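Two complexes come next, and they have one chain in common, subunit A, joined by subunit B in the first and subunit C in the second.
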Partner chain A sequence: MASKFINITLKIWRQKNSQAKGSMETYKLDHVSTDSSFLEMLDQLNEQLINERKEPIAFDHDCREGICGMCSLYINGRAHGPDTGITTCQLHMRMFKDGDTIYVEPWRSAAFPVIKDLVVDRSAFDRIQQAGGFVSVNTSGRTIDANSIPVPKTDADKAFEAAACIGCGACVATCKNGSAMLFVGAKVSQYALLPQGKVEAKNRVLNMVRQMDEEGFGNCTNTGACEIECPKGISLENIARMNREFLTAALSNED
Partner chain B sequence: MSILDSKIPEGPIAEKWTNHKNHLKLVAPNNRPKIDVIVVGTGLAGASAAASLGEMGYNVKAFCFQDSPRRAHSIAAQGGINAAKNYQNDGDSIYRLFYDTIKGGDYRAREANVYRLAEVSGNIIDQCVAQGVPFAREYGGMLDNRSFGGVQVQRTFYAAGQTGQQLLLGAYSALSRQIGLGRVQMLNRHEMLDLVLVDGKSRGIIARNLVNGEIERHSAHAVVLASGGYGNVYFLSTNAMGSNVTAAWKAHKKGAYFANPCYVQIHPTCIPVHGTNQSKLTLMSESLRNSGRIWVPKKKEDAEAIRAGQLKPTQIAEEDRDYYLERRYPAFGNLVPRDVASRAAKERCDAGFGIEANDTNEGVYLDFASEIKAKGKQAAFAQGDHDPSEERIIELGKKWVEEKYGNLFQMYEKITDENPYETPMKIYPAVHYTMGGLWVDYNLQSTIPGCFVAGEANFSDHGANRLGASALMQGLADGYFVIPYTVSNYLADEIRTGKIPTDSPEFDEAEKNVKDLIQKFLTNNGSKSVDHFHKKLGLIMWNKVGMARNEQGLKEAIEEIAALRDEFYKDVYVPGNADELNPELEKALRVADFLELGQLMARDALQRKESCGGHFREEYQDAEGETLRDDENFKFAAAWEYKGMDINQSELHKEDLKYEYIKIAARNYK
Partner chain C sequence: MALTGLFLCLFLVGHLLGNLQLIFITGEEGKRAFNEYAYFMTHNPFVKVLSYVTYLSILFHAIDGFLLTIKNKKARPVPYAYNNPGANSSTPSRYMALLGSLILIFIVTHMANFWWKMKFSSDPMPLHQVVVANPQSGAEETFYITHTGDYVPTSAFVGEGEMPAAMEVRNGTEFYLKEVNLKRGEGYKDLHSVVLSFFGQDKTKDGVPEKNEMALFAVLFYVIAMMVLAFHLWHGFASAFQSLGLNHKAYNKMIKMAGQTFAIIVPALFAIIPILLFMNK
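Now for the complex of A and B:
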């Protein structure tokens, strides 16, 4: 793992707050280790800005190992940058060449307003979850034994694959319609595939889809860009399953 | 000196919790909506506590600094969660989980708490399955298990390498349900900056809205701190960037004792440090030690050649490899507890056998070649091929490994640009978890009435070393199954109190202190960034309060941190304003507290003149380099009382640990 160093130019979206008008600003950054992650490169830029008495760039990040879903950068026109199956914090500078110009923007979607610079507000996802993304079981510790309902391995595996969604919003940012159906489809699918989720399945899908629409997310036109940019490889099948669930629920709903 | 009452209930250990619950006071359902509870942090402990208290009918306010409660760092736990279900019929029981945890903790944990943890562990799995957590299953539809370090049974439940994520999303779903029902008010992007005491009781917090910078007052009848551990005092750790000690430290400054701060878990299998701009270290799950064998070259010249890039690990012959864990600990082999595995790696690297070409040559191999062959052969046989070719075996073996650890292998490759299916992983220990934390009694109440502490933020269950897959268990046990009972017991005396006003002098003063500190940082006009100081602190901590400690180094650390802290207040530069999203200001407020905590950790390590679990004092080891405990003099939890910024004034209180059900013995994994 011999480190190399590159010099780059960055064009980064700066915006003071949600009301302010933003613009792309240009920064030069030298001596970036190719072993650095993209966010470590931004740390380095911020250190440089601080030393120059300029305001550092605000960006969301936390775990820096690809699981918390907090980082959210649109890099060179792609959610989480030029690699597949990763979050921005897992993007490494070895993906770039000396002399490259790199464009960095926040997630762009009407439902994800910019808070500052590269930081956006994704609380719409939380509200969708609150509308039905749960099994209504209280925490008594007096439920039935965990093994009393066998779950076929294929169902458990598929439920897990859907549940692996990290809620980062790359699907929305990537979609030309700003649709959240991959995110919602994954949550609906996780529960639809498990016996524990069946009881409330109808209300769940109806409520989550209603909330999704209220938040201003667009519709799915089956382009499939979300699946390609999803860092966790959440499959489009989940959208199909949600549509089936929705249709069944809408047609047979007794309310 | 000792005024610590751990409030352990009377009676046989197996009946303590049940009897205790039966005698705790209750709050009637009609009274619960009149009572406010604050929960700080939304990881496994916080989210589960907030959800449970919300279900019961209390008015709950939950706080997290992230943009969503789902992002708390519990999400990053990979390997699994322990529970004494004995589904594998390999002799597991509540007693055995209790015993393994006490022994794993090197006989420095409180028996009654640990027994309760083991007792409720099975309920956690039941609860999570009922919530729709998709654990790994076998083909028959039953839950699958695996092994973790320090035990000889298979009791770890998992969801690929993302168990923490799945459990947290389960707790988050329960929390979301309560938020949707209006029983929990969720305050995202808020950071607690002080605890407010009124008449000696915990009555609320001061929090900063991180988006608009507003300093807010929130009152409550009780406060539950579930704000995680303090590993980021080392700057480089496996913790998330935002993980911090501030909430716990503010409580400490207001009177909550801080226990065993020197007990830090250094996790043996992390990706080695690569460079000076590195911001964090990445863990490779302990579950990999089920399948990977750890080694370094037997010959120093081979290690040197590897570091120089002249030799590849795959070129080292089997007989020239030193599988040092299998050699030193044949009974547990690669599955010794974390502290033992970490020290053994350090010992080999210090002796010159490290294989990583970084500044310190620190790295060892974690090799999957043997497992790929063994599992490939099994898979071929299962398919009826009793004479498989070498290529077939390797192909099937890789497939098996991918199914089991695919996401971890992918993560490793993305970070290092090396393919672990073809060449061994390089790993080295890194700071991972902190066993120390705010001192709590059996009810998880700190020394401040009404201030409860759950999860990693408290000190109670893991002694001097935590076993793998036990952090998730403790977080959920505290939040789902302990806090709801014990907090209610406390609140039963609060039904006549009425709303706690926030216009009291106590809130005035706390708010003023917070605002003054923020102003101080923003107008300091120093010359160096917050990170500059944080990295310096991290180096002092790693070198002198890290994997191996000695008296001289610890004394130096206390002095050096004091000097660094003075420099920090004189020379730190924090850009931006108070009334906006200002990540540098957030960092400055956190590092200020780390600069106090670091000293206390060193002081605690200095007073503990023995080696136990994650605390290794070089002066106290046997001829083979194993830890030497001193049960006669140090069989106690060290709980520190804050007495001002001069750490030498902090007062030590001791809670004697009694072992009535487990015979205290030297820890032996040989």
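Now for the complex of A and C:
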């Protein structure tokens, strides 16, 4: 397919720092290749801004191949833009037409404060993970072969699917309640499904859910938006599993 | 939310079955069946317990829903300048709090119109009356029916000229022989006539409430409330199962289908009752 060039208008959230009051600013950007990725388009805009001696736009990015979970961006009213199963770095300008106006905003959540422009602080996710998203393994030097514990294939597959979560925060960003239950559900599930994770299962789910609430995330009302916007296709089944885990743990935990 | 929601779904079924008597049993028989049913529902101890569970469920569902909504709003203090939620979620699922609030308003008016009148109103409810033709004279006479099946002539409650009435109604439903202070029986509150006149019946006669000019609005309000309920159930029914952790590919589709069928059929049947009552007034 021959590459095409389009001219676009961008409305982008600018905010000096976490304390400053931000606003939507308008930028014109010409000659954008439809083969470029959305982040490359922002690079192009930043080059233009730098040439104009203006402050470039801060945005998160790292691997640019959809696995690191760094890029975010709420584009035209949707997390990671107008496509499903992708992160923003996998979004290409061929999804847009010449003359389009594109809105770019940071994730909006009380638990994800804006650091600058489009960059938000997602360390709330790290704290949830630290509250229970691990298995304790003795480092005796005589590591047991992982495959010595049999795991049913379906459980292994489901745990793997849950573990595909990259913690990007699209679920929180798209949820009308700013709920992190898809993220926490995935992190709880990936261990709950495996024998190694069963040991700490009850405390894990209780601690992770407690931390999730403390961070100021909202509650799940099962609209299902997170599942659709998740770049890794994490299923709502994981939220149900977390609810089951939480119910049984809350009723039977001995600690 | 899920447990109370599902319990309230069961309550809806029970309430609907009771209401359907209004259209499936007609005439005097229907009036009697419905008033006897209303008596049972207000006097049976098991139903009493169930009714308190229902009140508490409604209160918990409403208050918890309200608190959760506030918390959820706080979770996003700065709204998006441009949002497209329709791309990833159904409309009813995003307006559950609003739909629920509207339903709560309806429940308050609904209870004020019927439940309050039945249970607390100082304005006494009309009592169930039947008109029976005297086999000899052919003259029609009106009787109250007691719940032991006795007939008490209404004429006994009205004095004639100098003669004071022989009987009187005490505590709203109890028939007393005035002179000897003896209880002859207890009548049925005529909720049937209250309902019929609320939705437009204009056969005004003794003991039956006045013709209701506002009936058309009552019917419209009721039908709209049922539409709101339908949208609330459209999302709520299946959502409750997910909240309880019941999500499995073997029955997810079935739950969703059952929820959506429930969301259409139950409110539709509720709504058809006042429509039919209004049309056959």
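Assume the second predicted complex is superposed on the first by the 251 of 255 C-alpha atoms of A that agree within 3 Å, B and C clash if a C-alpha of one lies under 4 Å from a C-alpha of the other, contacts with A are read in each partner's own complex, and residues count from 1 in each chain.
Keep this in mind: a contact is a pair of C-beta atoms (placed from the backbone, for glycine too) under 8 Å apart; a residue touches a chain by one contact, two chains touch by 3 or more.
In this text, all values refer to a predicted model and were calculated from it rather than measured experimentally.
Asks: Identify the partner contact of A:K116: answer first if only subunit B is touched, second if only subunit C is, both if each is, neither if none is.
Replies: Only subunit B is touched by A:K116; subunit C is not.
Asks: Touching A:I228 in the superposition: subunit B (first), subunit C (second), both, neither?
Replies: Only subunit C is touched by A:I228; subunit B is not.
Asks: Quick check for you: in the superposed arrangement, does A:T88 touch first (subunit B), second (subunit C), both or neither?
Replies: A:T88 sits against neither subunit B nor subunit C.
Asks: Classify the contacts of A:Y74 with the two partner chains as first (subunit B alone), second (subunit C alone), both, or neither.
Replies: It touches subunit C, and subunit B stays clear.
Asks: Would you check which partner chain A:S189 touches, where first means subunit B only, second means subunit C only, and both and neither mean what they say?
Replies: A:S189: touches no partner chain.
Asks: In the superposed model, does subunit B or subunit C contact more residues of subunit A?
Replies: B
Asks: Which holds for A:C220: it touches subunit B only (first), subunit C only (second), both, or neither?
Replies: Second partner only.
Asks: Taking the superposition as given, does A:G133 touch the first partner, subunit B, the second, subunit C, both, or neither?
Replies: First partner only.
Asks: Please indicate which partner A:D62 is in contact with in the superposed arrangement: first for subunit B, second for subunit C, both, or neither.
Replies: After superposing on A, A:D62 lies in contact with subunit B but is clear of subunit C.
Asks: In the complex formed with subunit A, which residues of subunit B make contact?
Replies: 48, 51-52, 55, 66-71, 73, 75-76, 85, 87, 120, 123-143, 159-160, 162, 164-166, 169, 172-174, 176-177, 179-180, 186, 188, 211, 238, 240-242, 274-275, 277-280, 282-283, 309, 357, 410-411, 414-418, 480-481, 484, 529, 531, 573, 575-576, 580-581, 583-584
Asks: Can you list the residues on subunit A that touch subunit C in the complex?
Replies: Touch residues, subunit A against subunit C: 11, 13, 24, 74, 76-78, 82, 103, 105, 108-111, 174, 176-179, 216-225, 228-229, 236-237, 239-245, 247.
Asks: Using the touch rule from the top, collect the residues of subunit C that touch subunit A in their complex.
Replies: 68, 71-72, 74-85, 87-90, 93-94, 96, 235, 238-239, 242-249
Asks: For the complex, which residues does subunit A have touching subunit B?
Replies: 1-3, 16-17, 33, 35-37, 39-41, 43-44, 47, 50-51, 53-56, 58, 60-70, 83, 85-86, 90, 92, 94, 115-116, 119, 121-123, 125-126, 129-131, 133-147, 150-153, 156-157, 159-160, 163-164, 166-167, 190-191, 194, 196-197
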